[in-house]
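Single-structure report; data block below.
Each chain gets a letter, A, B, C and D, in the order it is written, and its residues are counted from 1.
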Amino acid sequence: SDDLFLISGPCVIEDEKIMMTVAEQLREIAERLGIKVIYKSSFQKDNRSSLDYYTGPGLEKGIAILAKVKEQFGFPLLTDIHYPDQAAPVAEVVDVLQIPAYLCMQSQLIVAAAQTGRVINVKHGQFLAPENMKHPVKKIEDSGNEQIILTERGYTFGYNDLVVDPRSFYHMGRTNYPVVFDVTHAIRKYGIPSKDAKGGAREYLPVLARAGVAAGVDGLFIEAHTCPSEALCDAASQLDIRYLEEFMKPLLELHAIEVKYRNTLPELA
Amino acid sequence: SDDLFLISGPCVIEDEKIMMTVAEQLREIAERLGIKVIYKSSFQKDNRSSLDYYTGPGLEKGIAILAKVKEQFGFPLLTDIHYPDQAAPVAEVVDVLQIPAYLCMQSQLIVAAAQTGRVINVKHGQFLAPENMKHPVKKIEDSGNEQIILTERGYTFGYNDLVVDPRSFYHMGRTNYPVVFDVTHAIRKYGIPSKDAKGGAREYLPVLARAGVAAGVDGLFIEAHTCPSEALCDAASQLDIRYLEEFMKPLLELHAIEVKYRNTLPELA
Amino acid sequence: SDDLFLISGPCVIEDEKIMMTVAEQLREIAERLGIKVIYKSSFQKDNRSSLDYYTGPGLEKGIAILAKVKEQFGFPLLTDIHYPDQAAPVAEVVDVLQIPAYLCMQSQLIVAAAQTGRVINVKHGQFLAPENMKHPVKKIEDSGNEQIILTERGYTFGYNDLVVDPRSFYHMGRTNYPVVFDVTHAIRKYGIPSKDAKGGAREYLPVLARAGVAAGVDGLFIEAHTCPSEALCDAASQLDIRYLEEFMKPLLELHAIEVKYRNTLPELA
Amino acid sequence: SDDLFLISGPCVIEDEKIMMTVAEQLREIAERLGIKVIYKSSFQKDNRSSLDYYTGPGLEKGIAILAKVKEQFGFPLLTDIHYPDQAAPVAEVVDVLQIPAYLCMQSQLIVAAAQTGRVINVKHGQFLAPENMKHPVKKIEDSGNEQIILTERGYTFGYNDLVVDPRSFYHMGRTNYPVVFDVTHAIRKYGIPSKDAKGGAREYLPVLARAGVAAGVDGLFIEAHTCPSEALCDAASQLDIRYLEEFMKPLLELHAIEVKYRNTLPELA
C-alpha cells in the first residue's frame, strides 16, 4: 500500500492500564488520520545499561497484555525478541517479530524468527553500512520467509551520538521491502540514562521525521506514552502521545508527494 | 520569501559559450518552474588535488564572463573567494560572495567579504558541528553585514565520505538566515579525482535533495552542466542540466508542504 | 602480572590437524618469547554475512577439539558464546568465555556467562563509547564475578571501516581490569567477504599493535593460521603464524617501557 | 636523524617575557634530555571562534619577538601562515612555515610557502583521509621544495571531537618525509571556548603521545606554557611546561624501540 503506516506504543510493557490508554488514543488518532497502526511494546529489554533498570514483565506476562490490546483494539502487534527460543511463543500472538539493531547479524536468532512465518522487522544495526542490510534480508529469505520490514534508527556517529543518513533509506529501499524510520531511537543520547531528560533530543524529531519521509520511507516508528517523563524506559525520547496527531499530519502530506514522484527520475549515475 | 530558490551553474567558469548555454537553459527552467535562480560559477578553484588540474580563468577574466551572464540573463551572481584581497574586486560585479567550506573559520577572509556589503554565503565546514556555524554568522554580523546565507554540503564521515545530517538544517535554520543545501558536493567521493565517474555518487541526488527540502531548506545548490562528463571540474558530481527541471518538481511540492507546517508544532523538549 | 600475554589461535575451529599444528607452533613461540598464551578459537560464528558460510563445528564437537588442545599443550582456552544456554556447557572446558562485540550489551548473555565463575572477556562493541564499557563490567560484577578482561577491536568509523582510538585504552584501563587489543578484527573491512583478500588490511597490523601496546594494553589478541588464505573464516585478516614471533618482539619491548612509566605522570587535567 | 625532536612553545605569541621564559625552560629541558627543539608560536590566529578573542601581535611584531628568541636561544623557529602574502616576510626569519590543517588544500598558500625554500610543515586536515596528504606533498614538490614535514593533529569524529587514528601515521610515513604528532590540538574539544577548562582533555595526553610515538612518528608537537590557565589561546589544551620533561621521558624510550624495529617485518598484505 502507498499509505504511510505507523508503529507506535510504549517502549516497554508497563502497567496494563497505561497500555490500554495508549492503545485507545492510538485508535482515535488512527481513525482521525485514516492510517494503519501497528501496536509496539517490548516484553523484555535486554540491553539496558544496568541490571537494576526495569526490563519489562517478561515473555509470558508481556504477551498476555499484548494479546488483550489486540483483542480489544484490533491492532496488529509488534515486539522484539533477543534469543531464538523466544521466537515461537511470541509468534503465537504477535504479528511482527522485531530483531533488535545490535542483533541484526545474529544468524540463529534471525532464522528462528523467520521460521515462524510471521513478518520480520529487522532494525538496521548502528554499526552496519546500510547496503549490508541485504545480508539479514537474504538470511530471512533463505529461511523461507519473504515478509520483511527494514527499520532505520540511526548510525553510530562519533561517541554517544547517532546520525540518520538519508542514503540509508535509498539502500534499504532497494531491497523492495517496506522501510520504516524509527525516529524515537534516532534521538537517543547514549551514555546518559534514558530517564534523564538529557538522554534524548526531542527537538530533532520533526526535522528527522520529515527528512525521512521525503527520503521515501513507508512507515514511521514512534514510541509514545501518556507521560513520557514517568515512562519506565526511554523516558527522554518517547513522544508525549498528545502531540502525535499533529506530528503526523505534515508527514502524511509529504509522503503523498514523495509517492507521487517515486521513480519519476531516471537513475542518475 | 517562502519560495524555494535555486543556485546553479557550472562548477568552474569554462568556455564562454558553455557558460551562456547553461544560463539560457537555466532561464527557461526558471521561467517554467516559476522559481528564482542565482547563477553560480567559480573563477578559481584553490583546493584541487593537483596543481595540474584546471583552476579556472582567474579573477579578472572570470568576473568578466560572469558580468556578461548577468547582463544578458539578469541572474544575480554567486562566486567563491579564497583570499581577502579578492573580496572587493569580486563584489563589484557579483551579488553573493561565497566562503568555501574549508575556509568558513578564516576570520580575515570573512571580514573582508562582509565589509563589501554583498550577501555572504558561508558553506558549512566539513569539520564543524553545525551549531558552530553561529560563529561565522556572528563574525559577519560584527562586521556590519546581516545579509547571510548558510549552505550545507555534507559533513566528514569516516574517510573519503560525507554524510548529510538532517539535524544540520535544524541548527542552521535557528540562525534565522536562509539555509541552502548544496547537494552537488554532498555526493562527491574524495580521494577519487572528480573527472573519474566514481568520484561522485549521483544516484543519491534525489533522496538527499528530498530529505533536505523536507528538513526545511530555503534553497537548493545544484551545479549543472550541458555535458558533465566533459566538465573541467567536478565532472562526476554535476547534474546534466537536461534533468534539472524534473529533478526540481518534487522538491517544489515538498517545500510547499514543509513551509505550510513550519512552526506548527510546539518545541518538543 | 606485568608481562604482555597473547590470545591466539585460528578464528574458527577447523580440522583437528590444523588446530593442533597451530597449537604446537604457538607453544614454541610462547617458549622462545617467554610469554603466556591463551588458545582461542570459535565453535560457532553466529554473525557471518551469509547462512552459506562455514560457522564452525558446533558446541559439542568444538569443545571436544579445544579440550584436546588444552590436554596436549596445556594452554588456557578462550572461546565466544552467543546465547545464554551455551555458557554452562562451554564453561566446563573453557577458561575464558568471550562475549562478542555486538553482544556486549545483552544482559542475559552476560549474566549467564558471569555466573559460570569463569573469566569473562568482553569485547568492546563497535557502537559503544569506550567509557560505557563500565556497564557490562558492572553487570558481571553484580553477578558475582570479578574475573574480567576487556578487549578493544575497533570502533565504527564511517561505513565499513573501524578506527582504533587510543583513548579507548585509557578508558578501559580505568576499570582496573586487564585490557586486550584484538588487532585482527580491527583491520577487517566489512562489506567485503573475509575470504576476499581485500577483506582485511594487514599492512596496518604493526602500526596498530605498536600504538596499542604503548597505549597500555596488557594483552594482544591475534588470530593466527598456518595458511590464512585457506582459512575457513577471516582469511583476509588472520596472521600467517610464521610471522607471529617477529611481530611480537617489538611489542614486548614497547610493553616493558610502557609498564615502567605507568602512573609516573600526575593526572593532567 | 633517528632522534625524536620536539616542536614546542606557547600557542600564540604573548608578552615577550613569557616567550623568553618558555624558551629558557625549553632550552634546559632540551639539554637535559638531549633532544632538538623547534620553537613554535603563532603571530596570528585566524580561525578563532570570535572576532573578540586575542589573535596575536600580528606579523611584524610577532616575527620580531620570534627573532629575539632565535637570537638568544638558538632555536629554529616554526610559525603558521594563513595567506600567501605572509609567506615571504615570515620566511626571512622563520625556519619552518606551517600550513594550518584547515588550509592544507589551499594551493596558492602552499605554493607561496614552498617557494620561500623554507621547510614546510603541513598539518593534516581534520577532513582529509590521511593518504590524501600526498596531494599537498606533491604540490610542494612541484613548487621545487622537498623540505617537508607532515603533522597529525586528529581527524573529525562525530561532532566536536577528534580521533587520532594510528593508521594515519602509517600513511603519512609512507611519504618518506618526517612525521610529527601534534598532541596538543588532538585533545581540543571544539564548541567549547579554549579558555574554558572543559575545552581540552589533557588526561588523554600521555596515552595519545605514547601511541603516536610507537606508531612511528619522528617528532612531537606540544604547546607549552608557564601558566596554561592564563594563556591567551588554547588555555585548556596547552601543557604546563613543568610537566614537559617527565612527559617526554617515556616517549624517548618508546621511540628508540620503535626505530630499532622499523622495517624489520615484511609487508603484511
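Of note:
In this section, a contact is a pair of C-beta atoms (placed from the backbone, for glycine too) under 8 Å apart; a residue touches a chain by one contact, two chains touch by 3 or more.
Since this is a predicted model, take the numbers as computed values, not measurements.
Shared contact partners of chain A and chain B are C, D. When the CA atoms of chain A are superposed on chain D, the rotation angle comes to 180 degrees (nearest 5).
In summary, the pair chain B and chain C forms a contact in which both copies contribute largely the same residue numbers, shared numbers making up over half of all those used. For the pair chain B and chain C, the distance between mean C-alpha positions equals 47 Å.
Between chain B and chain D, the centres computed from C-alpha atoms are 33 Å apart. Between chain C and chain D, the centres computed from C-alpha atoms are 36 Å apart.
For chain D, residues that reach two or more other chains under the stated contact definition are 157, 159. Taken together, the chain C residues at the contact with chain D in this complex read 157, 163-167, 169-170, 202-208, 210-216, 239, 243, 246-247, 249-250, 253-254, 257-258, 260-261, 264-269.
The part of chain B that touches chain C in the complex is made up of residues 157-159, 161. Taken together, the chain B residues at the contact with chain D in this complex read 46-51, 55, 82-84, 102-103, 105-108, 111, 125-132, 135, 138-139, 142-143, 155-156, 159-160, 190-191.
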